[in-house]
Amino acid sequence: MLQLLQKVRSGDISPARALETLEILPYENLEFARPDHHRALRQGYPEVILAAGKTHEQVAAIARKLKEHNEAILITKASAECYRKVAECLDSARYNEHARIITFHKARRTKPSPGITVLSGGTADIPVAEEAAVTAEEMGNKVERAYDVGVAGIHRLLDQVPRLRQAHVIVAVAGMEGALPSVVSGLVSVPVIAVPTSVGYGASFQGLAALLAMLNSCAAGVSVVNIDNGFGAGYIAALINRAYQPKRQ
Amino acid sequence: MLQLLQKVRSGDISPARALETLEILPYENLEFARPDHHRALRQGYPEVILAAGKTHEQVAAIARKLKEHNEAILITKASAECYRKVAECLDSARYNEHARIITFHKARRTKPSPGITVLSGGTADIPVAEEAAVTAEEMGNKVERAYDVGVAGIHRLLDQVPRLRQAHVIVAVAGMEGALPSVVSGLVSVPVIAVPTSVGYGASFQGLAALLAMLNSCAAGVSVVNIDNGFGAGYIAALINRAYQPKRQ
Amino acid sequence: MLQLLQKVRSGDISPARALETLEILPYENLEFARPDHHRALRQGYPEVILAAGKTHEQVAAIARKLKEHNEAILITKASAECYRKVAECLDSARYNEHARIITFHKARRTKPSPGITVLSGGTADIPVAEEAAVTAEEMGNKVERAYDVGVAGIHRLLDQVPRLRQAHVIVAVAGMEGALPSVVSGLVSVPVIAVPTSVGYGASFQGLAALLAMLNSCAAGVSVVNIDNGFGAGYIAALINRAYQPKRQ
Amino acid sequence: MLQLLQKVRSGDISPARALETLEILPYENLEFARPDHHRALRQGYPEVILAAGKTHEQVAAIARKLKEHNEAILITKASAECYRKVAECLDSARYNEHARIITFHKARRTKPSPGITVLSGGTADIPVAEEAAVTAEEMGNKVERAYDVGVAGIHRLLDQVPRLRQAHVIVAVAGMEGALPSVVSGLVSVPVIAVPTSVGYGASFQGLAALLAMLNSCAAGVSVVNIDNGFGAGYIAALINRAYQPKRQ
Amino acid sequence: MLQLLQKVRSGDISPARALETLEILPYENLEFARPDHHRALRQGYPEVILAAGKTHEQVAAIARKLKEHNEAILITKASAECYRKVAECLDSARYNEHARIITFHKARRTKPSPGITVLSGGTADIPVAEEAAVTAEEMGNKVERAYDVGVAGIHRLLDQVPRLRQAHVIVAVAGMEGALPSVVSGLVSVPVIAVPTSVGYGASFQGLAALLAMLNSCAAGVSVVNIDNGFGAGYIAALINRAYQPKRQ
Amino acid sequence: MLQLLQKVRSGDISPARALETLEILPYENLEFARPDHHRALRQGYPEVILAAGKTHEQVAAIARKLKEHNEAILITKASAECYRKVAECLDSARYNEHARIITFHKARRTKPSPGITVLSGGTADIPVAEEAAVTAEEMGNKVERAYDVGVAGIHRLLDQVPRLRQAHVIVAVAGMEGALPSVVSGLVSVPVIAVPTSVGYGASFQGLAALLAMLNSCAAGVSVVNIDNGFGAGYIAALINRAYQPKRQ
Amino acid sequence: MLQLLQKVRSGDISPARALETLEILPYENLEFARPDHHRALRQGYPEVILAAGKTHEQVAAIARKLKEHNEAILITKASAECYRKVAECLDSARYNEHARIITFHKARRTKPSPGITVLSGGTADIPVAEEAAVTAEEMGNKVERAYDVGVAGIHRLLDQVPRLRQAHVIVAVAGMEGALPSVVSGLVSVPVIAVPTSVGYGASFQGLAALLAMLNSCAAGVSVVNIDNGFGAGYIAALINRAYQPKRQ
Amino acid sequence: MLQLLQKVRSGDISPARALETLEILPYENLEFARPDHHRALRQGYPEVILAAGKTHEQVAAIARKLKEHNEAILITKASAECYRKVAECLDSARYNEHARIITFHKARRTKPSPGITVLSGGTADIPVAEEAAVTAEEMGNKVERAYDVGVAGIHRLLDQVPRLRQAHVIVAVAGMEGALPSVVSGLVSVPVIAVPTSVGYGASFQGLAALLAMLNSCAAGVSVVNIDNGFGAGYIAALINRAYQPKRQ
């Protein structure tokens, strides 16, 4: 493109003709600009690979390529086997077995920002909750965890109220009837990111019951991500919490 | 059948031949016996007509017929128009506009038994809750009501805990995310009958969200009836509460 | 909290100030109170762990903790492998292979209360029926069983009528078209807890057909639990049957 | 085609050339043949128009055209208004308000064949049951009706057993939980045509519950038609019953 | 019951008192009568066991018991492993690998009745088609088979028209779009039993697409059984074809 | 942008600085270019407004605006009332009542290209078929129509084979079981655009049955548009048929 | 509770006994405390009433009661008729016809905070988008609107990129295929609240298609609210944007 | 048939009698004609076998038979194991592991026609995209591929615009939210064949989310095939692209 503009300058090509060329021009010229801008905005955020649906070889190949231009990489829904493949080329990568996440950083992380709390309704929801928590941590946040605080034993949740009131954003992970986010949202005045899980059986229909419940929350302030999408919830929580960090942008 | 037995007695027919006859005999001979037995078991319970799906004329005709042999009649999901038609032949029938129930008694009711509490999550759930409450009342119970105690403002529900703990059985009516029964069941040690309502919009799918949530309750002690089936819940609550009545059977 | 009240007594703090403190106070102070109350209400009831969705290690760890403060433990949807893990720390635990339940008691059980009957539509529904029966037994009840009494051979069910009429509450377990609870409920005057099972194929959609059929029962008196939730049905039956026990509370 | 064959005969065209022509020939030549054959097979059967989804004018126009070549016409799912339009051109047409069917015959009907019984589970299912019954009657059958014999009052159905055992084929119409066909099929040894209806509310999902239940019938011998498709069931019953008619074909 | 009647005869008990006793009497006395009647009606029909959902041991135990009182046994949805278990106690049992059916007869079969044709849309539908065909054969019928005659190559189906027109009843088995029964039913004047199969992928949703298509057939004369329920279709076809047998009953 | 380029030419701005500007530049500069390109490609194609979901005022306002820059406008799913509103500002607009389409042209249309055939399964599918046909006609095509050629009377369709074999692309519109496209696609070697309609009742679920059937077509060559989307099918058919026009581009 | 504490003070009751009382004490004493705390947290936020599902009288009664203790009221999904009823008691209430929201303030609003952008995919989505925008405005925010920027004309959206990059949070409202939030989220680094609408027909299934698409967004940063829930999205956007306000809390 | 015609010629049979015979004649006479015609139309196209649902033996047997009369064979959804079985009889067959397609040609292929572009949204969609691409290649086309151009990074797609504008038809393959075809269709003026994939998790419901999104595309020009049906899309693309080939037919 610079060449084109230099030709305009030198008179080799008329402005009108250059305009035509630019209109037809593929967009790839803008391509390198956008990522830069992105990089500025997302500074300190890892690149993310969803391992599910890809072969271990594909994951490893993408990771190797991203490693060149990025400070950090996050690989979600990764099996231990996938980790072994990735570790062959990213030898400092680490694997969080609960969250099923592979993490990789080039440098030391800066001091994490507080403000995110992750809740789980039951013990079986913990892997998804951990996926959310680890994602938010990898994006520079300090995460409070309170697990097994489901609504059938409401006192377990009420005990957490003081801690909940200190959060800037809450991730509420629950399967089965998915009532946790509604109750939580009624107790606080911050956004609640609801994550339905596929925990349950029968009429839970692999998380559909929890998903529908969360979408129909009678409490304002609840938004929802896909079933078992702990990563998405952690990511959004990090985006929201960034507003509270002393020196952003 | 009596004739048959008398013939056996008189020797007109042998026992063996009578046995054959009885085996082939249609069941209608037992018919009048079963209702009797039923009447004993269900003493004090009204006969019930579901008005929905029937013409006003059909409802009125059935009501007229039932009136002859029954002490009380309950007509559910009845419109005001239906009531007008029924009132033409059952002139002492009364209409509960909220519950959309027509009631009719031949005699004074006995002193109602305490032990049933009906809860509603929101204001829009009240018609279904009233259907449950009126049904249970017509079956001889005293009903405590606590409406608009949904889980998004958990303190409204927690305020009811002392009253809830005095109940023998609780009917919890809720639309939207349908979380009320789960929370309630965690607070008490009695059966909770959950009634999903079609209150809500969008992904509530006419009550499907609440129904699935209730079926997946993580609290033991919750059983569920059809969407908007206040009658069924009130009826079951009455069956359960009968066990607590001083002189049953 | 006791300290706070003692300070009020001693005059170190004014009643008005104490009131403020109490209002802000997190709910954890109430926590130890509620369980006590629960324990009173639930006396003789086991603590329950749903094994499905948890690792064997998690189940064993929870069981070990519960063992300290509880008389009895019930672990549902447990595999034989899970049992082996649990048995390492709860050596007197027993495994019911049909019901897939692990049971554990510290003491001898008292004489069980009669009044609960569990029915199954077919042979393939027996595991879920057993889950219900064993749960009710572990909660102190004597359970009558009548299996393979599905509606396609109605005489098999009709033969059970006299027994059914002696029950205080009936659990009806069925897959496929799920018609059993409707027919049963028409024959008795007690609550029927319906359990749809995932038995069937094709358009049974893993128990959805039976679930919907049961929710739409034209017989009053039927309430429904989740697909394959034998535990829930047995638990509710026990709650209902408690009313008939000579000396409760 | 006859012309073509005559040309072959006269030598105007060679057999090989005629073969080519026949291969390319559009199928319309066969068209007038098939209907003839059909007419033979279907003798005495009315032509059928489904009024739903068509304008009254379209229905009337089709009826007018069919009248020319057919002995009898059946118009299903027809409103009274539609009837008025049709009656303008088929003045001897009659309207069955319950079944919502318009019938028209050129001649007197022959003596109807016995062997078809139509059952309905409830009062609200009667319109669909009548659609089946009237269809079968219009196809030359004598139809036994037994309505309101739903499974929640099983004795009402058992009273019908002797009559059921005389049928060659049974149409069982039911909404809500749709259990009627399963129970009926267990009592007889003839084909049962199950018709789910949209009667019900909430989780009946406009007849889906009944449909699924019927498809999952644990009794062999049940086949199913579309929700509210009384016509289809009556038609199939007539096809089956034809085998029992003394002089067919 | 005979004893009771003998007492009436001898005067030990009055007819009125005996009537009371009979009314209360459980239905089990009728039990042995009904099976007899059934046996008469179903003469020549095998007893059927659905192997799916049962353990091999359960299947074998049931088979062993049925063997005592029945001429023939049919075990559907049976694996080869199940067969091995069954063969241990029913040594003359045979296994049809395609149909996945185990058959067992005590005696030679009589000459089969013609009249049933089984069609399959594709090659992958053949196991279900075979299940239907073998079932009908075991019930005393001669079965015509025409496989891979799906509607996408309509000439393959049209070639079968003459054979189709000789059938008394047709079983049409198809997966994917399930259009076969509609086209077939338009070509004949006999009942068509439609069997959707789970053949397909993606939006076939395990046979739901074919099932819905068949239920919505625009051709009168089609009734539908459960997805993959070849047995049910073969059974119904046999019931229908019985009417054509020269000497029934 | 031309101004920018002229400034580069005149030396008011350096090529490097201009590049920066272009990279940051919002895309609106390209906006007027793209439509031009589009206009070239889509020459002779009308602009389209979907009336459903918009107020009559909104439709009229958009139509008025489009009129300025476009040769032709097509408004789909338009009621007669909507037409009256639109006609106020586009006085030469015309309304096709069957297709529910408003059309408007500034100039005479050129000679239409042959090659598109639109089929409908039944009479009730005609409005959607007309929507497809009128859309294709408005885009410069000659459309062959063959309605009421559903698969239940296969000869009606087979009669059309010679005409079908002359088409470049076929639109097959059908409700109920949606089998038409599969059969058609097996008879030709051109693309078939399948349009499911909401015609039917019960388990047609507003066109879902037809939609699923079409997606699962066992005939290669079938692609599907949304339920009742006649416009989309007509539009795609026009795009495909353009390739056959003598002088394109 | 104050009385209780005064009794402790005066020695009328011992601290230990008071503790017991407090443990049993119903939670209602905390009730007035929690709202206060809430009021502090939610300062400047209106109380909200969902009009849908409530009678006009109920809405007006609730509004009248809320008016006493609240600065502002928001009534969503309100019809013009509902507004007329509410205006009788809240005479300064105003009605936004597009957003279908009734608003009421006691005092002048403070200067709104910038940072929220609301996008709509099409014209028909505007009512839901307006519901989001008005809600956020009522909660003290300045809202940028960009409507009809759906993905089928991607340049319309790309033109908005500079404005989008200035937002702190974006609400993306879309029906039909619901792709807008995914594309938007890929262009920015702030949270995107996705609102599916019921705009569409056929296989949009009243917004289900858009809902599922949004839940499955391949772009991180998207969370979803219920179909047509503009209010919820506006509310959450306001909660998120509060973090950027210079002086919060 | 030739024999018949020769008999007409020779006078052995009268034209009228021959006509009767022809009318009754099964359609098999036309059978060998239609394939011929087909062969003409489909010249150069391979015969296709869908391996899924068939045993390896069946696939190999069909392949062996087709080999005799066809130039080329395509076997889709084939496992490596299936390939080994097929290779035993078609020794020059080749296996494309990504596309899971077995190909077989008797002769050299002619020069492929350009005009088809296949896009994939993500890396995990590549197998389905390859199935489409290989199918189109086997049918004589040159295929452009652009993978991983999903809408969440819209610049990746925009970079492809110049290439997209050169295509005659585009296949757009995407899972998750399935937005790719909508965006693509807005950028071009040619038919877009959309292929939803089962890539995703949770509320993607095995591709349902992508399927619904594509059916609801707000961009005209998009038609859809079954989930994961790369073959179908490639086949349709080939049919469309044939129109652009210099010398067809």
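Per-chain residue numbering starts at 1, and chain names A, B, C, D, E, F, G and H are given in the order in which the chains are listed.
The rule is simple: a residue touches a chain if its C-beta (ideal position, glycine included) is under 8 Å from a C-beta of that chain, and two chains touch if they have at least 3 such contacts.
Keep in mind that this is a model prediction, so the values were computed, not measured.
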Task: Third chains touching both chain E and chain D - done: B, C, F, H
Open item on the list: Let me check something: if the centre of a chain is the mean of its CA atoms, which chain is farthest from chain C?
Closed with: F
Task: Chain whose mean Cα position lies farthest from chain G - done: E
Open item on the list: When I count C-beta pairs in contact, which pair ends up with more: A-G or C-E?
Closed with: A-G
Task: Between chain B and chain D, centroid-to-centroid distance (C-alpha), Å - done: 38
Open item on the list: On a C-alpha centroid basis, what's the spacing between chain B and chain C, in Å?
Closed with: 24
Open item on the list: I need the residues of chain A touching at least two other chains; which ones are they?
Closed with: 30, 122, 158, 200, 202-204, 208, 211, 215-216, 226-227
- [ ] Throw together a list of every chain pair that touches.
- [x] A-B, A-C, A-F, A-G, A-H, B-C, B-D, B-E, B-G, C-D, C-E, C-G, D-E, D-F, D-H, E-F, E-H, F-G, F-H, G-H
Task: Contact set on chain D toward chain E in their complex - done: 37-38, 41-42, 48, 165, 168, 188-191, 193, 211, 215-217, 220-227, 231-233, 235-236, 239-240, 243-244
Open item on the list: Which stretch or stretches of chain A touch chain H in the complex?
Closed with: 24, 26-28, 30-31, 34, 52-54, 58, 62, 77, 196, 198, 206-208, 211, 226-229
Task: chain C - residues contacting chain E, complex - done: 122-124, 155, 158-159, 161-162, 175, 199-204
Open item on the list: Per the contact definition, I'd like the list of chain D residues that touch chain H in the complex.
Closed with: 1-2, 5-6, 8-9, 11, 14-16, 18-19, 22-24, 30, 33
Task: Touching residues on chain C, where the partner in the complex is chain D - done: 121-122, 150-154, 158, 176-179, 182-183, 185-187, 200, 202-205, 208-210, 212-219
